[in-house]
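Each of the two complexes below includes subunit A, the first together with subunit B, the second together with subunit C.
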Partner chain A sequence: MTERKGKKKRFQAQNQKSAYLFIMPSMIILSIFVFIPLIASFVISMTDMNIFMKDVQFVGLKNFTRLFTDGRVGNATFNSLYFTLLEVPLQIGLALFLTVCLAKNNRYSKLLRSVYYLPFVCSMTAIGIVWSMLLDPNMGLVAYWLKQTGIETIAFLKDPELAMPTVIVVTAWKGFGYTLTLLAAAVLNISQSLYEAAEMDGAGSFHKFIHITIPGIWPTISFCIVTSTISAMQMFDQAYVMTQGGPLNKTETVVQYIYDRGFQTAPYDLGYASAISVYLFVIVAVMTFVLRKFILSRGEDADE
Partner chain B sequence: MNKRKKVKLSAVAGCIITTLIAVTVLIPILWLFVSSFKTDVGVIKFPPRFFPEEWTLHQYLYVGDSIPIFEMIRNTVIFAGGVTVISLLFDSMAGYAFARMRFIGSKLLFSIILLTMMVPFQIIMTPLYIEVYKFHLLDTYLGLILPRATSAFGIYMMSSFFTGLPKSLEESGRIDGMSEFRIFRSIMLPLCKPALVSLGIFHFMNNWNDLLYPLMLTSSQNKRTLSAGLAVLVGNKVIKYGPTLAATMISLTPLLVLYIFCQKYFIEGVATAGMKE
Partner chain C sequence: MKKKFMSILLGAAMCMSLLAGCGNGAQENQTAASDSSAPAQDTQQAASDGMEDVADTQQAASGEKITLQFWNVFTGSDGDILRGIVDNYNKTNTDNIEIQMDIMPNDQLQQKLPASIATGTAPDFVLFGVENLAPYVSNDSLEDISDFWDVTGVDKSNFLENVLELSHVDGKLYGTPMQYNVSYLYWNKDLFEAAGLDPEKAPATLDELAEYAEKLTDPTKNQYGLAMPSNVTYMQFLWANGGDADDPATNTNLLDSEENIKTLTWLQDLMVNKKVSPENITGPEADTMLQAGQIAMYMSGPWQINGLREQGINFGIAPCPAGSAGAFSPAGGCSYVIPKGTEESHKLAAYKFMQYWLTDAVLKEWSQKNGFPVWSKSLMEDPEIQGDEVLNSISKATEIGRSYNLGYSLASQIDNDVMIPMFEKVMTGAATPEDALQEASDAMDKVLAQ
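Let's look at the complex of A and B:
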């Protein structure tokens, strides 16, 4: 009896050891490249470190006071918020509209859903290059077509007022297929009997959409809202490829300004770049928290 | 009768709108494809034409003259491929341990890993750069691959897959006296091929397309990936339209081909990502 117990114990100890061996590579990598940088970010934001990393001094909250008086931080924050507040509703609204048309399992719907997903597979670099060429006011195809229909030449990406809306539309164009895929999967999961019961009660298609479809896919919609908001606030690729932050810094986002301060413009102020990262982190965390709270309460209302 | 007519009308309208949107999605991609076969003159011709007047392979044959396309392809394949293979191994190992083995601290460690899924890249960007610099790994393949050699999302996805497998599976292996690693490799891993393919495509696509990360960790032109290298070249406005079109098409082709043949797995990876809330 005792021998058996000892065997079992030994086996468990052995099992424990191999479990730790299984998770070791991942834990080491995550510690070095995620946990430590996460903490270090807050520390570096309170130093005057630059890319040469010599004579680093602790400067307390100086970088943060500088940040609040830096006009370009204010401008970049405005641009990121502007982008997020228009892009997220556009992308999710379009996807939701198309979900209503295409949440069926017939061939046509399946084919179109996979067509819509295509731009999501492509890199933002490639999409940005293609759209910049198509929208070029001098030789772009879109500008030419518009001219043919009598509309004056529009310099989409070079006009300070139009550049950001153009970037927003291109981003939504690239991403709505992804949102649609998630939403369609959720709609197809809703039990058909709910619709049948509603039809029995004489409900129209609009009524069914509001009272069955929306509540049924609400968790997925809220997931899409939260994740798209987080990624929109971190927008970088689109502006880097299509406008380089211009014209007149009208499309410079917070992440772009971080990259510019830390890695593009001398004196490569890593301390200051980190401080802006921390600032953005706090904004995104607060937005996520507020959205979650708002969306969760909406979801409960919808259930009733 | 009237109602039926109304339904039919809205179905037709829906059909037209969805088809129109599909056309808007396809036109830019199709334009890129056909334009990469235009001549130098054809590319900048005014008024612009959608299809080439004269089809030529010139842009593909001479793309290497103005863009270091071969180095870029090599770098992207090594980076995206390396990350995918190594990350699949480490993700599934860790996911397996969290799902099927009991050890002290497993719950705590797993919740810490779930938390890191929410850490945005820009907050760790600067310290990560400093670390890679201090390890003397800037501008090397190892420096590009190592920080991405595992991912919290991958561990989470694999662990939820392993949790769903029947309990008795490992027992037969243990009775046969197999080592834990053999059980993992010969019994468990073959069972999760679909999950591995989905996660592999997810990693491959993200790293193939990534811009900011490879841009920051490489400084020389000959270590740049396709998406980072092209973005820099186009930003500097140093290359002509023709080669840019060909290089852009080349950078898209592997993923487009993969998408056409493994569509199911692209969408499954996304669907699992959607379930993580």
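Let's look at the complex of A and C:
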């Protein structure tokens, strides 16, 4: 926000031209891989195109009316929301808690922050495979440990009720290191003098956290909330690898259903799959808009 | 505010990019790429057409080299054997044909092939499961190769009629059979003996199957009587009691029947009350457990044999058990197909390889090394084949093969949207057999109405 005020200098026409030149490479890439496919999927969603791309016909909103009577779309939407509503708070809460513990620049904290960051660097597919092997009720290590301690084997990923929570925990485990790094950087930027002043006023560590740390890093927290909500709504790979959407479709998310209709179940109905992705696009756009409106504006208020 | 709007738009675009990446993006790029490169391709096409003419004329004289692109889905250990046969063909054939083989998982092949056919970049021939034929044929994406027998002079009558039938759609031949299989009942003889059962006698009826499975299940030892993966269909059980799913010829829904209720009730009792199978396992997990000796019985195709031999499991192979209406087993197989648009000279070269595959020497090697049933009549007379213990027990188990929705373009939708969810609900106890069947029958009506 301070940036906006500071940069009132007018650009020369010359500068502007070279500015366009600089953004050209990324604009070309964005256009090819984002904007064109985005528009194309809107167009395809109104056709009956399948993967063979023969005899494509315009069908208007037929795919969309079909979408609202399809129980699996409702089920997938529920699962995506369920995942998002639990995963985002869990991941950010965990990161926030650890930030408070590790926001010091000593060797120990730095080491731990790097260690927590490690899962984020790994591919979700690899992590998914490793976790499903660990959690396997018949051959997994966790089942073996549970047995040793005399607890009955729990079929984490095979139980209709436990599968989604398990996927949520694994995803949060993978992602919290990234959030932690961002939050820790923000915390370290808060001026020490604020804490000293608060201490003089007799504030305890809880009050310092609520009244100085949280407002100080609020823009970063809200950034994390928005980005992780968007990626949670698009959750695909972890469920695809660990549960394939099962048991009983309890972990089938919207993106997975799109993939299923477009590429897994003949007649590979790309038109319908595109219609579902447009539907998801609208949901995500609305959620992003609402989140930004309520969370970011609060951040701006806190800033001023 | 403007900035905010832009950032929302960018955020939205960002979130779509992932979608685009795994959804339409790939396919869109394909069209984009094909559009932009269309002129280039045309000229190339013209050039290669010209070359081809030259090649054709030269072929008689000097035997110009033909390189064939060949895609298949043999990612398992059988893929190595297939590669060996193809390498051998490359070395020994006298027509100067070279086959370049590309193995990929079936999921991936089914995504790539239609788009490549549409853009004229398809391989010269492909090997995949016959259950995939129908959607390609109904979209006019495969060459009709009904002239194969006449062109190559291969004797059609030497092969089992029901195997050839699998590669036909609407009376036309679209593929030449490569292998044929049905589901068998595998049983672990050592576990049978330990449970006090006769290790040489497999269950012959569904009641025996249930009885044995219960005896062989011992949760304390992590041992299960009968593995039942949750992402497949169990047509053999429905058929055994006289039920069925649908009639592809007349588009009729046959789910709602007393026989099916009876079968599903039996199945639910087996899974939910007797707990003879690990809960919600996948096929590959069941394979691993069978090879680890944790599973006493398992119904699966011939591809288990190699793994079981390697792990030194003392196993037997029996036909699927019979119910009140007899014993049946879902049949399947793989066929060589030629994508639409393959050049004539390449098509003929592919015919030559298919002809090579259909010789007894190659079929024999394939059956002996992989344990796939023999379907060539002259090969059945071979003394080595007749003396092969595994192949003998297989040929008995193969007799009860029955085709399920093969050549039907709605087959994959019926499986994914009707049958698999129904079996899953029954087997996990999420619904009563009556409710699950009713729901499946409604879903079937919806699919068939398309």
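One rule holds for everything that comes next: the second predicted complex is superposed on the first by the 265 of 304 C-alpha atoms of A that agree within 3 Å, B and C clash if a C-alpha of one lies under 4 Å from a C-alpha of the other, contacts with A are read in each partner's own complex, and residues count from 1 in each chain.
Going forward, a residue touches a chain if its C-beta (ideal position, glycine included) is under 8 Å from a C-beta of that chain, and two chains touch if they have at least 3 such contacts.
The shown structure was predicted, so the numbers you read here are calculated from the model rather than taken from an experiment.
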item	value
Partner chain in contact with A:Gly60 - subunit B first, subunit C second, else both or neither	neither
Touching partner for A:Lys158 - first (subunit B), second (subunit C), both, neither	second
Which of subunit B and subunit C A:Ser277 touches, first, second, both or neither	both
First, second, both or neither for A:Ser114, with subunit B first and subunit C second	first
First (subunit B), second (subunit C), both or neither touched by A:Ala40	both
Winner by number of subunit A residues touched, once subunit B and subunit C are compared	B
Which of subunit B and subunit C A:Ile29 touches, first, second, both or neither	first
Subunit B versus subunit C as contact partner of A:Gly74, first or second or both or neither	neither
Partner chain in contact with A:Tyr259 - subunit B first, subunit C second, else both or neither	both
First, second, both or neither for A:Ser123, with subunit B first and subunit C second	first
Intersection of subunit A interface sets (partners subunit B, subunit C)	30, 32-38, 40-41, 44, 53, 138-139, 226, 230, 234, 236, 244, 255, 258-259, 262-263, 270, 273-274, 277, 280-281, 284
For the subunit B and subunit A complex, residues of the former touching the latter	7, 10, 14-15, 17-19, 21-22, 24-26, 28-29, 31-32, 44-48, 50, 90-91, 93-94, 96-98, 101-104, 106, 109, 113, 116, 119-131, 133, 146-147, 149-150, 152, 155, 179-181, 184, 205, 208-209, 211-212, 216, 226-228, 230-231, 234-235, 241, 244-245, 248, 251-252, 255-256, 259, 263, 266-267, 270-271, 274, 277
Of subunit C, residues touching subunit A in the complex	4, 7-8, 11-25, 27-29, 31-32, 107, 110-111, 114-115, 117-118, 132, 134-136, 138-141, 222, 230-231, 278-282, 285, 288-289, 292, 294, 409, 411-413, 416-417, 421, 424-425, 428, 430
Subunit A to subunit C touching residues, read off their complex	30, 32-38, 40-41, 44, 50-54, 136-139, 155, 158-160, 226, 230-231, 233-234, 236, 244, 246-249, 255, 258-260, 262-268, 270, 273-274, 277, 280-281, 284-285, 288-289, 292
Touching residues (chain side subunit A, partner subunit B) in the complex	15-16, 18-20, 22-23, 25-27, 29-30, 32-38, 40-41, 44, 53, 98, 100-102, 108, 112, 114-119, 121-134, 138-141, 144, 173, 177-178, 181-182, 185, 205, 219-220, 222-224, 226, 230, 234, 236-237, 240-241, 244, 255, 258-259, 262-263, 270, 273-274, 277-278, 280-281, 284
